[in-house]
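Here it is, the structure in full.
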Amino acid sequence: MIGDRPLALVLVEMILLVLVGPLVTGTIQKMKARLQCRQGAGVFQPYRDLAKLFRKGTVQADTTSGFFWSIPVLVLAATVAAGALVPVIRAGPPAFPLGDAVMLLGLLALARFLTAVGALDAGGAFGGMGASREMTIAPLVEPVLMMVVFSTAVAAGTTELGALAAHRGTSWFLAWRAADFLGFAAMLVLLPAETGRIPVDNPDTHLELTMLHEGMLLEHSGPGFGCMALASHTRQIVTLSLVSALFFPIGPAGGAAGLLLGAGAFAVKILVLATFLALVESSYAKLRLFRVPQYLGVGFVCALTALALRIL
Amino acid sequence: MESGPGVIAACYGAGALLSLLLARWSGRLALVVSHLAAAAGAAAGLALSLGLLLGEPGRTLIRPLPNFFPFAKLSLLIDGLSAYFLLVVSVVAVAAAIYGPAYLRAHSPDAGSTRQAAQGFALNVFLGCMAFLCCAGDALTFLFCWEGMTLASYVLVVSDDRDGENARAGLLYMVMAHGGTALLLVAFLALTERAGAFDFAALRAAAAGLDGPTRTTLFFLALGGFATKAGVVPLHVWLPRAHPAAPSHVSALMSGVMLKVAIYGLLRFTFDLLAPVAGPLPFSWGWTVLFVGTTSAVLGVLYALQQHDLKRLLAFHSVENIGIILIGVGLAMILWRQSTGGALATVALTAALLHTVNHAAFKGLLFLGAGSVLSRTHLRNIEELGGLARRMPWTAGLFLLGAVAISALPPLNGFVSEWLTFQALLGGATRFHGPAGLVIVFSAAMLALTGGLAAACFAKAFGVTFLGRPRTSQAEHATEAPPSMIAGMLWLGALCVALGVAPGYAMRLLDAPTAALLHGPGASAVVTARGPLVLSTALTPSGTNGTAISMTMVAALLIALSAIALLLRRGVRRAPQRVAPTWTCGMTPTARFDYTATAFAKPLRLVFAALYHPRREVTRETAGTPYVVGRIHYAGEIVDLAETHIYHRVEREISALSQLIRARSTGRIYGYIGFVLAALFVALLLLGVAY
Amino acid sequence: MAETLLWVLPLVPTVTALLMLTTRDRRVLSAIDVAGSSVLLALALILARDVAAGGPRALGVFRVDALGLVFLLLVVVLTLAVSIYTVGWLKQAVAVGNMKAEYLRSYFALVHAFVATMIVTVLADNLGVLWIAMEGTTITSAVLIGYHGHHHGLEAAWKYIIVTTIGISFGLFGTVLVYAAYAAAAGVHGGAGSLSWSAIMQVAPTLDPGIIRIGFIFVMVGYGTKAGLAPMHLWLPDAHSQAPTPVSALLSGVLIKCALLGIIRFQTIAAAACGPAFPARVLIVFGLTSVVVATPFILAQHDIKRLLGYHSVEHVGIVALGLGFGGPVGTYGALLHVVNHGITKALAFFAAGKAIARYGTRDMRVIRGLLAVAPIGATLLMLAALSLAGVPPFSIFVSELMVLRAGIGHGHWLAIAIFLAMVVVIFAGLLHHAGAMVFGEPPATASREPEAWSPLIGMFVLAAIMILLGLTIPASLDRLLQRATEVVVG
Amino acid sequence: MSPLSPDAVHTVIDDLGALLLFTMILIVAAGQIYRAIYSVAAQSLLISIAGAVLATATGNPDLWVIAGITLAVKAILLPWVLHRVVQRMNVRREVEPVIPIAATLALAVAIVVVSFQLSASLGPVRQAITGNALPVGIALTLTGVLVMATRKTALTQMVGLFASENGIFFTAMAVTQGMPLIIEIGVILDVILAALVMTIMVLRVRSTVDADIADLDRLRG
């Protein structure tokens, strides 16, 4: 089975994701601001923040071990590598196989694991609290994600995202069945959890009552924090791309026109999902930590029903 | 290769004997020599198994043994499956043998020479029994090695006794193991008595004539026996007590290898001996195994999460990983069809077998790492550790490596086997419609949950043990482990990396066992059909579509990206670096600011409260008035459901009943006479007349 | 030569016993003891060689075949081990005051008289002589059980002598019935016939099955009482716990086996007369009862010697099960179990005796941390416990395996299930007790003097046999057991 | 060859058997130890008579010997010893039953019924056996043990033991018309020896702790 996406295209797509990632965050922030009747910062504000961070010096906690320094490097690498596994502008399996949905989830989990370990390194209560909560939510999210992936993979017989996308084809909007709706619903429930947003997490504050992800980054500073921030942006766009690859991919089309069409479609899809996130963030309150399992339970039931519909 | 088994036996035998002999002069010498012999035996095992696995396919080494017992012909039979498990045994044995002497010296410097002799002796017997268990060609050799393995590990568990706790752990272990052996005895003897001989070929022939219900009964007997040894929930209660009690390198062997030997037994008994000649395995077998595997995986990791004893935590993770292996085995049983060969069954079995060696590698590594910490601090409670990464960087790094591997995170080996398991589950889900398919998918979800929880658990274990500030003076004054211990860990760490980054090359080793058991294509024909760099599975019935990944490419990508990220991390310009205390809202940070393991695991403890039945007890010492609190004592514990609801109850009932019966006996002689008379009377009535 | 030996063998311990009455010196007594036992062993080995070469030998009321030889060898080997053990044990016991120096000669004389009666039991061909010798063992050993003279010992001795006398009077009744059937079948009247087992066996298939059935039940209950089968076993833990340790070893190791030999002799007759199913059923019922009944008492036991006593009940039950499951495998296993249990139980009593001497009590709640005060003795105790519990590579595992094989081979599933469940529970209990004694911190009262050599030698010999028989069955022993099995199952 | 016809022997033995059962009932019902001893002596006397009858009938001289020994040992010697012991020990003369004597009697009746039922089930063999000797023998043996199981004092237990042995002797004589002489003599010697050892024990315990040996119950469980 020779794939449709040459290695060069895969790498280009990956770089594209990294480059566009902060923009998505910026867009969501801007939309949130507008929804809250604020002016808000520009959509390119995350780029400015990153640029500033990479120029700054670092303040490192005196208790940290040698691992702490390298954590941002590894987290960023793992997250970006996950970006290489999602089809962005063209469906179909890659020419040389890299990884599938399971690998993608694995790489994201690796990044999360390393972040949590880094958070514990400084020996402060905030990092520990953030790590503990993050590692509580993550195991609950992962099975549901896996079931969502399976709900589409069972039909296609593969977990390779490009192949999944190709299997769904260009006319996906005609072929959607009840199972797909439910699976998509489950995915929408999971999205805030996976991207660290309300109602599961609040990316805007460092208050100890709310923080999960941000708490873990507290002791990072300068370029290290820049790497972690970039990783967060990338992770967000990779998750959104995963949703689009699973549920509304664009089919394989050759030539430059096809690529352009794919890029355009990608932009639209991400924008739609970003708008969804912004809407949710603006209209819901942050849940208590121990309400989160219940919230995820909704996703679990949706995913299970989707699977049941697919298999029975 | 012909002399391989002899060499292995000679090495272990010499190690055992020399340990006893040399201990009269010097316990340390005995320890070193016995471990060296064990290393030699393990190396011989490695050579023999690799030779067989990489040699001509389908080769089987059969060696008759001396006629120890007149009623049974004993023999060794080393085929692909045997060789593979011999490989697993030997791989960890090498590390343990290198690691052992320095560990024992550091951990218990005051040990007398008797204890050292016993430890050296038992270690060699333990390893020898495991090696020859895998190579057994008849039921009697199998059972003897099985029990020898148990006994030797029991000796090792109780050898390190301080407060009687180990003796209790050992007792529970032996009793459970004995119960399991009783089941195995029945299962094997039912075949041997039918066959009139003990060798596996005869058993196979005898099993061919069994009817369905008997066959299934025997399977469940054997499953019970092997599951007890493998520590499957709810038969696991001995495991988290016994494994931590042993010296750490023995814990590594018990958790990493001994449990796998049970898996070997299950595979051998089910696929090789008991499987019906034609047609699939009975419906109930595979589903049961899948179910108990899933349960073990989830409950194992959940209980592990709440442990604060480092070795106990690792032991519970063995329960989890055995569960994952059994998921693969169960799937293989479900999917195997003699007629279609079942490429998918091959994937499932490959996943199980690969996870076997993977778990051996990373669990061995983790136990050795825990042993390094233990030998330096004499502490097993991770709440009392902390900050060791700065003091023991090698140990910490290798432990982290093992933690990543066991959490099934790419690019290490744990991920590879879990990926294969997922693929097999997906394939199963595509084949079985209806509830069966849903069960399989549910199993996949549980597997994902397991992986996530394992990551949480090891973030806790690694973070609290090695990071932050030391919480006790022992932790503060810890120093790095000696080189020989590091070397033992490095060997296993390298294996974790190699099996993770280039698993395709290991698939050849799996060819022989998978082909031998399933009579189908070997592992490499299915999984690495697209070359060793790519792992692929053909999952749709037509075999066209499939999933492919390349661990090697991903690893390369990760390295390249890390290099780029490293540049970013250094910053655009050389900005100043400053060291400052951790931010604690303006207070002076001390070790008490560190997040404890209890606190770390608390959210999950509350989420899964239904399974834990957590209990907590908080007492306040107040200074006169309730508003001034002097001290707060907090004690919390969780309850192992199986332990309290099954084992404690059974134990209580049995001992209460025994006490009652014993108290009933009066010691009056007329009672004695009455019983004799009654016995005669009843016997005459029942047996004399009724006949 | 061999025929002469049949008379000489019981005579040797008798002579030794008489010889012992002539001196009061402990050293001389011990020397005679060991020498007499050694001579006995040597003669028995010569006899064994002769029989192996030339088949069964008979002389008058005595006859030795392979079956008897198995038991004979067990008796003489254990006698020698006991003699060696006694040397050091006695020294200590006299020093502590447990044994009075002036009565030593009667003790030794009684032990050898006891051995003589057991040898007669084993060699008897005449079922009447078998009975007489069996009652003789009761009388001699009853005196030995009460030897310490305190009222616990006398209580045990009284229970022992009364209950076993009742038991063997039932045995006599059974013998009478068998003789009646024989007399009827052979057409002899009055005392003209003989009670010779080999003669009865020749006409056994023609014997009246009804009367043999009743006779066998009487014998089973009767000799079963002596063998310690439940529910007739109640005297056993009392007697075995109160006797001096070497005597306990002989009681548990050999005496109950001699009673089993009686049962086996009658089993063969019954099997020939009524078909093998009938005695098999009786044996399985009693065997299973023994295994089940012993269990709670083993679990909830505090007295180490009573524990071992109850354990003998269990193992006699296993032998009965093996005989009941029958066939060549079951019988072979049962006979092997007789040997294995004899050796192991003697070792266990020896090791327990040393522990008791060290702590001054039989209460297992006090005996703690033996490994710290007496590492070798503790190791041997642990080995014996593991072996008794049926763990390989010790001998009992092999014979239990054979018994299991027979049970499974003949499809006694229910019996196997109960048996295995009880074995596992007993294993738990035994290992619990042994582990508690061996490990942990010893109390300050425990004696820490170095371990004496002679008990150790006695124990080493037994432990070596125990492990050897666990790892292999030597060809000579195998041949002997095969022949003995043939005697039983034909 | 014999002065008595087989039928006559049957009748005599049956009658003797009935008398033996009667003495057995006396032993069971005895409220005082002396009565029990006298009853067992009477029982032994009846057995030696039975021996004499059978000896006459079969012409087997061994039976004469056995009848004589039984008379000497069991009808005279042992009762006398027991009598002396009771006198010397100066114990309470009442037997101390474990269960009411009426219940013991009921059990004895049950034993007799079962014994007869058991031998009735034998069928053809009964032809070879002299009259009702077998059920009577079984009943005597079991009832003797029943007495032991329901009495608390050592001496009553010894009485029960002798009664039980009497049952066996009766069976041996009546059913087989005599066992080989040497065996019978050995059996009797054993009985004497056992009685001797028991008596010594009883006296020893009485002299050291002043208790009945059969009443000790410190060893239990």
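Residue numbering begins at 1 within each chain, and the chains themselves are lettered A, B, C and D in the order written.
FYI, a contact is a pair of C-beta atoms (placed from the backbone, for glycine too) under 8 Å apart; a residue touches a chain by one contact, two chains touch by 3 or more.
Values in this document were obtained by computation on a predicted structure and should not be read as measured data.
Enquirer: Please state, in steps, how far chain C lies from chain A along the shortest route of touching chains.
Expert: 2
Enquirer: Where the centre means the average of the CA atoms, what chain is farthest from chain C?
Expert: A
Enquirer: Would you say A-B or B-C is joined by more C-beta pairs in contact?
Expert: A-B
Enquirer: How many angstrom between the C-alpha centroids of chain D and chain A?
Expert: Their C-alpha centroids are separated by 98 Å.
Enquirer: Per the centroid of Cα atoms for each chain, what is the distance between chain B and chain C, given in Å?
Expert: Going by mean C-alpha positions, chain B sits 43 Å from chain C.
Enquirer: Could you grab the centroid distance between chain A and chain B? Build each centroid from C-alpha atoms only and quote it in angstrom.
Expert: Averaging C-alpha atoms per chain gives centres 35 Å apart.
Enquirer: Using mean CA coordinates as chain centres, what's the gap between chain C and chain D in Å?
Expert: Using C-alpha averages as centres, the distance is 31 Å.
Enquirer: Give me the residues of chain C that touch two or more other chains.
Expert: 158-159, 162, 166, 170, 214, 238, 297, 300-301
Enquirer: Check each residue of chain D and list the ones that touch at least two other chains.
Expert: In chain D, 118, 121, 145, 148, 157, 214, 217-219, 221 touch at least two other chains.
Enquirer: Which residue numbers or ranges of chain A touch two or more of the other chains?
Expert: If we look for residues of chain A contacting two or more partner chains, we find none.
Enquirer: Every pair of chains that touch: which are they?
Expert: Going through each pair of chains, those in contact are A-B, B-C, B-D, C-D.
Enquirer: Over in the complex, which chain C residues touch chain B? Could you list them?
Expert: 158-159, 162-163, 166-167, 170, 213-214, 217-218, 220-221, 224-225, 231-232, 234-235, 238, 274, 278, 281-282, 285, 295-297, 299-301, 329, 332, 375, 386, 389-393, 397-398, 401-402, 404-405, 408-409, 416, 420-421, 423-425, 427-428, 431-432, 435-436, 438-441, 471-473, 475, 478, 482
Enquirer: Where on chain D does chain C make contact in their complex?
Expert: 58, 60, 62-63, 118, 121-125, 128-129, 137-138, 141, 145, 148, 154, 157, 161, 164-165, 167-168, 171-172, 175-184, 186-187, 189-190, 193-194, 197-198, 201-202, 204-205, 208-209, 211, 213-214, 216-219, 221
Enquirer: What residues on chain B touch chain C, complex-wise?
Expert: Per the touch definition, chain B meets chain C at residues 68-71, 114, 143-144, 147-148, 150-151, 158, 161, 163-164, 166-168, 170-171, 174-175, 178-179, 182, 185-186, 189-190, 192-193, 654-655, 657-659, 661-662, 665, 667, 669, 671-673, 675-676, 678-680, 683-684, 687-688, 691.
Enquirer: Could you list, by residue number, the parts of chain C that touch chain D in their complex?
Expert: It comes out as residues 126, 128-129, 131-132, 135-136, 138-139, 142-143, 146, 151-152, 154-159, 161-162, 165-166, 169-170, 172-173, 176-177, 179-181, 183-184, 189-191, 193-195, 208, 210-211, 214, 237-238, 241-242, 297, 300-301, 306.
Enquirer: Would you pull the chain D residues touching chain B in the complex into a rising list?
Expert: Its residues touching chain B are 98, 111, 114, 117-118, 121, 142, 145-146, 148-152, 157, 214, 217-221.
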